[in-house]
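Below: the structure, in structure tokens.
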Amino acid sequence: MNTWLQTKTWKEAKEAIEQSKGVAVLSIGSVEQHSYHLPVGTDSYVAIALAEEACQKTNALLVPPIWFGWSPHHMVLPGTITIKAETMIALTYDVIASLKHHGITKFVLINGHRIVNVIWMQLLGEKVQRELDVTVKIFDPAYMSKDIAASLGFGPVGHAEEAETSHMLYIHPELVHMELAKDNPIKEVPLYSVDPAYTHDTLCYVPSKYQSAEKNAKIAGGTTGEPTKASAEKGKIYHEHLMKHLITVIEELQGQ
Amino acid sequence: MNTWLQTKTWKEAKEAIEQSKGVAVLSIGSVEQHSYHLPVGTDSYVAIALAEEACQKTNALLVPPIWFGWSPHHMVLPGTITIKAETMIALTYDVIASLKHHGITKFVLINGHRIVNVIWMQLLGEKVQRELDVTVKIFDPAYMSKDIAASLGFGPVGHAEEAETSHMLYIHPELVHMELAKDNPIKEVPLYSVDPAYTHDTLCYVPSKYQSAEKNAKIAGGTTGEPTKASAEKGKIYHEHLMKHLITVIEELQGQ
Amino acid sequence: MNTWLQTKTWKEAKEAIEQSKGVAVLSIGSVEQHSYHLPVGTDSYVAIALAEEACQKTNALLVPPIWFGWSPHHMVLPGTITIKAETMIALTYDVIASLKHHGITKFVLINGHRIVNVIWMQLLGEKVQRELDVTVKIFDPAYMSKDIAASLGFGPVGHAEEAETSHMLYIHPELVHMELAKDNPIKEVPLYSVDPAYTHDTLCYVPSKYQSAEKNAKIAGGTTGEPTKASAEKGKIYHEHLMKHLITVIEELQGQ
Amino acid sequence: MNTWLQTKTWKEAKEAIEQSKGVAVLSIGSVEQHSYHLPVGTDSYVAIALAEEACQKTNALLVPPIWFGWSPHHMVLPGTITIKAETMIALTYDVIASLKHHGITKFVLINGHRIVNVIWMQLLGEKVQRELDVTVKIFDPAYMSKDIAASLGFGPVGHAEEAETSHMLYIHPELVHMELAKDNPIKEVPLYSVDPAYTHDTLCYVPSKYQSAEKNAKIAGGTTGEPTKASAEKGKIYHEHLMKHLITVIEELQGQ
Amino acid sequence: MNTWLQTKTWKEAKEAIEQSKGVAVLSIGSVEQHSYHLPVGTDSYVAIALAEEACQKTNALLVPPIWFGWSPHHMVLPGTITIKAETMIALTYDVIASLKHHGITKFVLINGHRIVNVIWMQLLGEKVQRELDVTVKIFDPAYMSKDIAASLGFGPVGHAEEAETSHMLYIHPELVHMELAKDNPIKEVPLYSVDPAYTHDTLCYVPSKYQSAEKNAKIAGGTTGEPTKASAEKGKIYHEHLMKHLITVIEELQGQ
Amino acid sequence: MNTWLQTKTWKEAKEAIEQSKGVAVLSIGSVEQHSYHLPVGTDSYVAIALAEEACQKTNALLVPPIWFGWSPHHMVLPGTITIKAETMIALTYDVIASLKHHGITKFVLINGHRIVNVIWMQLLGEKVQRELDVTVKIFDPAYMSKDIAASLGFGPVGHAEEAETSHMLYIHPELVHMELAKDNPIKEVPLYSVDPAYTHDTLCYVPSKYQSAEKNAKIAGGTTGEPTKASAEKGKIYHEHLMKHLITVIEELQGQ
């Protein structure tokens, strides 16, 4: 059974690298406010849970997690830690370059922090592909659950909403305080949406300014969406949907 | 009639800034291969045409164009010029900081280069919003034409495809060589699409590696999509759809 | 007839590169105050006019213009946009590196912004010559008109003065407001001159501090020199003098 | 009972920050070869174990761990991940700046990676103290166990030696493979030692060159020292010695 | 008698700063080949001699010398040390920022290395004037001796030529090997000269490429010009000419 | 007799490099307050004296001195100049890279500024060893005098204390003002010492915050230690102890 790299001696690590067929999985989330009912580590827990299970099933190399992400727009609420996009790129670059040195050439970045981390991951991806001659795939739950979200009755992607809450109820029920969840239903704003499944005309996402994040935090403690509709059952279906895709992505890379 | 900043004396510039109600429009494209039938400046021409008309109609400040963009994946074909994402951020930052000094506080970035420039523009947007206390909107034709694309019979967003070709046929027919257009229909790839209107599960975009771009260039000269279906009439409808939205965005900012 | 790269398809670009005998011409100016009578884009218009004509006559590659320059000392007047010297270096570096990739090895930088852009162009020139193994020539109208300036009755190089105004009257009369021109004759300052033709002892140029630029702007709207002495006839002679030299420089590079 | 920040909602985080009396504890280690018998995550496990226990006892804020460190000299063996010193500084800077924003002003960096991480931590410490007006203490087990090491019969500080192995036997026996431990006794080299307790003349530490690290790796799998002398009992005494000091350091900061 | 800052206690330094009337003098040269007859430190010796004497006569603060300069084009000959322009800027910036902290607000940079150091000094000058609100003057012997050079029978400014050699014969005769001096008379090249006193049309200076510097080194050991025409008498007149101007510049700053 | 590189022609430099057996010596100190009785250049004078004598005795290459160091914590007293650690790294990097180009592959950095410069020198050392394939040794008087300090009756390493003062009395008596020396005996602080010979548990060094440096400056003018116990005789013994080791280090490198 494959498990975290940090638990292995270098001989075990060597063997794990050989069995990985050249594929490593990085889990990257954030430490940022997730309203009244979810822990600040939610995005990281999501990425870690996906990475851990997928690596066990595929023997891809399970790299120590990067707990932090780029969260400038959530600094209005305590506990949020934001790492500059440039720093996230530099950090992940060094992790990838080190593993390349040991023979890993294909990387799946599991992003628990959605649209915000995706931005710097795209820059990073281009950079390492060009400079280190590796292959990078960005696996993001919000982009990978368009097909299932509607059928689960999830509204648009927001923050600490029904999808994230359901997922956490399934993978870490002990960290969810459903009794504190407060809804903040998403009203359609003309020409603007952050939901990757949105089918209408839209401007592109730019992280909110501090002032507007501040205003939003007061409405429902940081929620955008309807977490009270969440359930562990939906979370399980959602998780399995993602896992199926994740394994496909990893196995395809392993076959290259 | 409002026109380009570079043509004005500083007294005229002063007046133009006052009449702009604090809004400037930047047109940013790319110089990159656009297959056999479109000029390498296509993305810039698109951005410029939108900016020019919208500023005439709204009195927003029309800033000298930035002809270049981030195009690492198109360097396989001659004439492409790629500016590093970091450099594009630095350049646009300085333009915005200079105009902030003169009283402009709201910026619309018109991106003629779609999904690739959007990445660094998002980083830039966050940075200037936080550091310079300005407001930034990213206006991208591919994201702003989801509602109209299907009704025009356009296939998915690709490169030098029916949408881009139609638009150029409308705004710069003298630069389009329809007789050289060659189709390269988009085949659906499991778990992957660059079309912002795509409604199925997908990995996130990372610019192609050089090798795979090289392979693609040989198929149809750099086209992804079906340019032979393009027409100036469709281009006109497409352009007017975008213009309507662009004016709405500018006027909303002017009203803030 | 050779023309701008941005108008060409990549096949045309390929051909243009072949015909250029390895030489590309970049036009770089500024967007900065040019007193009451000249547009803020003056420096760029000057560079562009020289580049355009010279490329038509020599088949050197005509690269899309860089409208912006380094103008920290002119920010006191509205409409000025200043790009940091480091950013200008980075931007021009990427343009040169891209074209080197496609086979261009010799570059003429036409600087419409005189003594200020020359500084960063020298750093850039050394850098690309060393790192990319290309050859760079900096062509600056003020340095290239020493032999003709006196015979035209031009006073020392200043700002928006008789040389610049005459040149603009010849190349863009529609953008010159002679009726607003106001003289600010250049008084000799002991041990200091910015005129490259100055034959006496002098300290080296450092861009003015904001405060002193502010003071100067009040005297004659930003003019240093005597624009009222300008004429299109002088501008034509001045332009042809520069053009003759520019063609010589390009053809010499083409012959290497 | 205090626990990891990532498990808390922002309201709980807020409360934890208030109860911390302004002190946060960061655990920073490395992912690097630790010979045949210890896991590559050893340095991080050490830092984490100290941080976790100390925060429970003092209510200092327990920040998500940074698993990675600066390990250029251990890249010769598989599984090692090295992050550039500049990147480690940038990352830790952002963590500290974020927490400063929420009211934390005193930081204890627990360094499980000894003499190598200490270098960049010193640069970081000066930087954040000056720029962010916070207080930083670097707590390093090798520097904090000089008084106890000799009495436990430990030889000089090396790598994967008796101190580290004993400590791991106490805190993570399940990750130690004592049967694989191989000794590589430390021979005194004239004018050179990396042991902070060394009392003789010495040059200062510079991380080994790749070639010499390669040679060393072959001798005893990466060990420098005598791990076979390790025991969980010694590890317990060693750990409690460190814990006593760590609590003193934290409480002193809390009292300031 | 005023002397070097490094010899003073901080109380003496404090007094020296008070007596300087806010003016400090930095001497910056280079360590680069100066042909067969002059030491590699020539440029620094020149700057130091000027700085030392002028500070004694004006009480300006005499800052420890910066021996190194930017000399990429002289690396072909042994003993040359080149510091990147960016590094020279960073170093001099920190010196100026430190002295600003202690009350110095006006800086004379004496450049013994002529046209090459001038480039980065101009960038530096603008930067510190803007960011630190200080005043910077660049005093360069080649620019400050146009009025005297011809009357002394000096040819154009070159390298290790009659001006430099004469100056060294006056200030450091013990370091000059006249018996080894070899002439390499300067032939006029169309449209190109590095002499600031040159009155004809010219391209702007860019440091030579390595290959062309290599070729030049073989002709006369690195000389450009006619050092055999040098004499200590001419050196004395040249030095006194510079000194008179330097004192004027310093005293003017002291009076502001 | 070997002497400073700057005094040599390039032919002499060439010869000196050949005779150096590949070893160069850099002297790096600081310009910072050294209390009432020692000059601000003390650290540099110490490094220079050691370098000069050792190079005469071993023929190692004597590189022009770097007068400045990293001294953020001494800016409270006038005359101190602090160069950022990053800048010191960049500067020394370029010196080493230049000399590598001419055939020097081994470098001894003599650090007159103790524990503070050591930090950035370690980062630099790793960087140049890895990137330029050279060997670096950091020779620091405080680390190299542990064996002799006690026997000379010196107390712990502080600042401007008996060791430094004795050394200066021996090498530069004309710059020492013993009549102004004021003691500030070092009191042991629990869990903290900057003395590399300290044998008890300690936190690691971080340069003091400005405020605490300010407080310290008031006690005894910046002294930490007991300079009144200094003597030239002790300084001579101390110097010769260091010299013996320094020659050993250089000769060992020359033999490699």
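Order of writing sets the labels: A, B, C, D, E and F. Residues in every chain begin at 1.
FYI, a contact is a pair of C-beta atoms (placed from the backbone, for glycine too) under 8 Å apart; a residue touches a chain by one contact, two chains touch by 3 or more.
Chains and their UniProt names: A, B, C, D, E, F = Creatininase family protein.
For clarity, every value in this text was computed on a predicted model and none was experimentally measured.
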Review point. What chains touch subunit C (Creatininase family protein) and also subunit F (Creatininase family protein)?
Key: E
Practice item. Please state whether A-B or A-D has more C-beta contact pairs across its interface. Key: A-D
Exercise for review: Superimpose the Cα atoms of subunit D (Creatininase family protein) on the matching ones in subunit F (Creatininase family protein) and note the rotation angle, 0 to 180, in steps of 5 degrees.
Suggested key: 180
**Study point:** Mean-CA-position distance for subunit F (Creatininase family protein) and subunit A (Creatininase family protein) (Å)
**Key:** 49
Revision key, fill the gap. So, in whole Å, the Cα centroid of subunit A (Creatininase family protein) is separated from that of subunit E (Creatininase family protein) by 57
Check your understanding: Roughly how far is subunit A (Creatininase family protein) from subunit D (Creatininase family protein), going centre to centre by Cα mean, in whole Å?
Key -> 29
Point to revise | Direction subunit F (Creatininase family protein), origin subunit E (Creatininase family protein) - full chain order round the ring | key: E, F, D, A, B, C
Check your understanding: For subunit F (Creatininase family protein), which residues count as touching subunit E (Creatininase family protein) in their complex?
Key -> 4-14, 16-17, 31, 33-41, 44-45, 63-68, 75, 77-84, 86-87, 90-91, 93-95, 98-99, 101-103, 175, 177, 180, 221-222
Review point. What part of subunit B (Creatininase family protein) is in contact with subunit A (Creatininase family protein) in the complex they form?
Key: 72-73, 85, 111, 118-123, 125-126, 129-130, 135-140, 143-148, 190-191, 196-197, 199-207, 209-210, 245, 248-249
